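Structure, as structure tokens:
Labels run A, B and C following the written order; every chain starts at residue 1.
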Amino acid sequence: MHQIFFWGFALLAVFSALMVITRRNVVHSALFLISTFFWVAAIYILLEAELLAAIQILVYAGAIMVLIVFTILLIHVEETKIINPWQRQRPIAILLGVFLLGEIFLILSRALFPESIAGTALQQVAQEGNTEAVGKLLYTKYLFPFEVASILLLAAMIGAIVMAKREIEK
Amino acid sequence: MLDYIWLVPTFPLIGVTINGLLGKRLPKKLVGLVACGALGLSFLVSVIIFFTLLHLPPEQRYLEKVLYTWISSGAFRAEAGFQLDPLSAVMILVVSGVGFFIHIYSIGYMHGDKGYARYFAYLNLFAFFMLLLVLANNFLFLFVGWEGVGLCSYLLIGFWYERKSAADAGKKAFVVNRIGDFGFALGIMLIFSTFGTIDYSEVFQAAPEKFSPGALIITAITLLLFVGATGKSAQLPLYTWLPDAMEGPTPVSALIHAATMVTAGVYMVARCHVLYLLAPISLTVVATVGALTAIFSASIGLAQNDIKRILAYSTISQLGYMFLGCGVGAFSAGIFHLMTHAFFKALLFLGAGSVIHALAGEQDLRKMGGLRRNLPITFPTFLVATLAIAGLPGFSGFFSKDEILWEAFSSPHGHFIYWLIGIVTAGMTSFYMFRLVFLAFFGSSRIETDRTHHIHESPPSMTMPLIILALLSIIGGYAGVPHVLGGANRFHSFLSPVFSGHHGGGDVVDPSASTEIVIMTMSVLVAVGGFLLAHRMYIKRPEVPAILADKARWLYQLIFNKYYVDEIYDFLFVNSIKNGANRLWQLFDVRVVDGSVNGIANLAGQGSSLLSQLQSGYVKSYAASILIGAALIIGYYVLR
Amino acid sequence: MINLSLLTPEIIVLITALIVLILDLLPWRGRKVLLATVGVLGTVGALLITMGQWDLREEAFYGMVAIDNFSVYFKALFLIICTLTILLSINYITRGGIDLGEYYSLVLLATFGYMFMASGTDLITIFLALEILSLAVYILAGFMRHSPKSNESAFKYFLLGAFSSAFLLYGIANIYGVVGNTNLKDIAQYLSQEAALKNPLFLAGMGLLLVGFGFKVAIVPFHMWTPDVYEGSPTTVTAFMAVGTKAASFAAFLRVFFYTLEPLKGQWVPVLWLLAAVTIIFGNTVAIYQKNIKRMLAYSAIAHAGYILVAMVAGNDLGSSSILYYLLVYSLMNLGAFGVVIIVEKKEEENLTISDYRGLAYKHPMLSAAMSLFLLSLAGIPPTGGFVGKFYIFSAAVSGGYVGLAIIGVLGSAIALYYYLRIIVYMYMYDPEKEFLDGPVPFFSAAALVITAIGTILLGITPARILELAHYSISYLGH
């Protein structure tokens, strides 16, 4: 049962991802991107990581997608010429893609996954619940990255201000 | 007094600092005074040190003065330190002495040049690095001087940058020297990884203990070092820069050719004699390259018409002698010739400079003639130098050249062939030098009329050095009169602490003294023969050369065009490297990356920036490069 | 185990960045110099405190950050770089019309990121630090408003930087998947098992880390962005990233590969060998053909990354301490060379081609002398710091048994001398055709040049002390 759902979601996610990069209409691409995010979130739920799934939907499908759609609105897609100047790259790209895919398959087929990791994490989750476990980790062991991420956002914000300022001054 | 050895290179450094930073604002007289004074003081200190050394018993004539530890970490140590022994004492005397006279001469020669201060700053810097080179107590410090003189030679040869030929010559000297330095640097690294140290005394002590003669690693080290020497000392096949180096001001040629730079290679080989004696193959290579260079460039010298160019080829040829001496294990003979050569070759160049000065820049022998009456001081001094280089008895070149020839014949590392090549070269040398003298100073004047009113003897600041160097060219040889002529070969015994325990040459009165006399007589005969032939061809029957050149046309052309070596090098290396680099660039950054953009032609000129106008695809190609790299790296890990 | 006080230097830098932002709101004309002064004071203060942390060997934030000699050495280096960059920028950004207060703030934020690149002991920390510095530098690269080239360079850098970050992150994910942890110590622990060394998933993760770091330090074939971005960015920013980003990325690169992935040396050394060789040959040959001095310095920066890789390959005692030493020398001489370019550059990208330097020596002898010093040091001519560093690296390679690589390195630097000397020739051997500067050399820029010049010479003449320091720093890595 679990397996069937997993393959279903996974295939849908991959299919949507493919559609994102093959659609000519940017709005369609954006919609398929949302769908990709959703299917990935579904896989998270299968893995009993509800918090992650929720964040995935809130942040990606919510915030980031809104941003993308706004951008599309602002740059007038219909006016932008849809060109494909990279025909000649296609064979190389396909070759490279196949090569990389092969490599990934090889890696995964030979990889050694230690069982202990999955075990401990699941135990913790089972005891405390998903959200609580993540929260505890974020405020103890991963406190530092959690805090420093805010400085990353600060840098991004200053960057946005600088760029906006420039537009105004023009 | 010996402790003050560091003063020797310090004075020129002070000179550089003053002239380099303030030269523009100082009056010309002061600039000259500072530069000459700096080197004069070095010379003075060197003389005092030399005599202090003489007063010590031979086994105590050694001093290592470590200023401080330069680099040290873990096993690696290099000091900034000086080593004073008879060999470096001789070298600093030659470098600072001959350099000093050249500095004085330059005051007059460069008088009207707008780059006066710059010139003297370079000149002092050159002397500084050369003194550092000969005084260093380890290979890395030697390398500092080695690179330094290379850099200065580049600046000085290209001094008159307005002339394209001068700039090109500077570039050529630079490139060729880089090839040599490349080998040299690898040699030093190999020394370090073999011995774990780069200190002379430690390396030279460890080498005979750790390795038996013929050890492969020692052979590799010595050959690599010799590659450096061929570049710096202009030996086959890296000699091509030296003739072009004539493009610099004449005193610079004198400095480069006589006292500094080119002698660095010979000094280095002599300094490393311990290593070379452990590597018979390398010794053979050194001797063979030396002998071949000697005869090869002497033959080129036969047919040149540019007065400085003839002297340049003669320098290469004489350096060949020095290497021949070192290669047959007669290191002190090589150094002896280095010293006498410094005297007479400096004199020859300065004399040639005086001639060129008098003729307002004319360097073509065909447009000279009969100058002996106009230049009453230049002519006799030039003649002295010619007699010395030709090896006529009584002059300095006779003693030193003869010692090398005798060693080439008799030393255990020597061979009859070496001697034969040497003696033929001696004949050629005598011939082309007298040819030069006859064409320039004798016969009827062929000077262009607009230059005739110019002709005048040079000012005293130029003729004084000529006279002093002429004296040295005569008496310099008496430091090493061989035993067979009743002398004591003091030069050799002075150097013997350095080369002790090894066959240094001329140390014993050979039982076969009669053979030595015969050999000596033959070289005198050859020298006289060269003189007579030149006399016959250029004084008695001046039409002969033209007829000869006509009869053996291809041979004459071949020699005249210097065996076309420059052309061959250009074809083989210079062009192919240039094209290769260009092609590499086009292949990667242009074809692979921007290949999809139609504009390779634009790119060659402007770089890719013109085309990269934020077209999204362009970044894609960059990303593709990253992706390919990633795929290959992962592939390496997965697919192995 | 938070130990917040151990992070005082970083916090000072962060607060300085914020103060600068706020002070920029002052309605006072002369405030720009005030901002720079505050920035310099902040970094110098942080530098002093950092130096006080020598020999501390502590951990903070549950093993996410380490205060060891390795990180202290690098943090000091970054703070010096930051100070010099600010000094060089004061006049330049006013001339270029980009004197927003955010400029200094971003430089300080990037430095904040640099510092955690050196002290991060968790892949997550390192990744975050990398993102902070990258983001700041992306914006700085596009700071030259109205210049299409600057915009383009920022955009390219951003796209490719994000692309390469993905590789890094994917690598981290792979390693997490195998180890179940991102802490460098735990990963090292995991690698002590025999079987772990052959796990393809882990090896692939390592390869991806290599790509991510390779991009930031600009080694072939991940170097493509370098010339374009270096050329388009404001020159002060170019200097800052050529030196700072490279050194910071090498710091993290070293900590991860020298300490954690040490047991896998046999796996990454051959790859680095090849990359080093290609980088040195490619960087140096292509540099010959550059006409723009910033592009030339970009290719030279690529080549220098190659030299440092040689030392990484050598890996012995000599090699590892030579990396730290070389990065210091590289930073000083490169900042110096860029500093001269910054001073000589005029508005509208004037004075940026190599032939523009003709005759500089006749108008500005001191400036040319300084430039010659930096170029000779970059070329590795004695007695400059560059020479000592290069000699050190190549002898490390020889004694480590990598003679072939040493030969390539020496050959590469032989080629390099050609293009460095070309600028010297232009400066000294041609007559000037124009005035170079509108006024005298600005005071702050001159101060920065004096500092870098003295450093470059001192490191060449008396390198012993710094070498010891470097040796001491890296040999305590992870202990």
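In the analysis below, a contact is a pair of C-beta atoms (placed from the backbone, for glycine too) under 8 Å apart; a residue touches a chain by one contact, two chains touch by 3 or more.
Quick caveat: nothing in here was measured; it's all calculated off a predicted structure.
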| item | value |
| --- | --- |
| Centrality ranking, top chain (CA atoms only) | C |
| Among all chain pairs, the one with the most C-beta contacts | B-C |
| Computed distance of Cα centres, subunit C from subunit B, in Å | 41 |
| Separation of subunit A from subunit B, taking each centre as the mean of its C-alpha atoms, in whole Å | 68 |
| Subunit A-subunit C separation of Cα centroids, rounded to whole Å | 31 |
| Touching two or more other chains - residues of subunit C | 200, 204 |
| Where subunit B touches two or more other chains, by residue | 621, 628, 634, 638 |
| In subunit A, residues with contacts to at least two other chains | 103, 106-107, 110 |
| Subunit B-facing residues of subunit A, complex | 85-86, 88-89, 92-93, 96, 99-100, 103, 106-107, 110 |
| Touching residues on subunit A, where the partner in the complex is subunit C | 103, 106-108, 110-114, 116-118, 120-121, 140-145, 148-149, 151-152, 154-156, 158-159, 161-163, 165-166, 169-170 |
| Of subunit B, residues touching subunit C in the complex | 20-21, 24, 68-76, 80, 118, 140, 143-144, 147-148, 151, 154-155, 158, 161, 167, 174-175, 178-179, 181-182, 185-186, 189-190, 192-193, 581-582, 584-585, 588-589, 593, 607-609, 612-614, 618-619, 621-623, 625-626, 628-630, 633-634, 636-638 |
| Touching residues on subunit B, where the partner in the complex is subunit A | 595-596, 615, 617, 620-621, 624, 627-628, 631, 634-635, 638-639 |
| Contact set on subunit C toward subunit A in their complex | 2, 14, 21, 60-62, 64-65, 100, 102, 105-106, 109, 112, 116, 122, 124-125, 128-129, 131-132, 135-136, 138-139, 142-143, 145-146, 177-181, 195-196, 199-201, 204 |
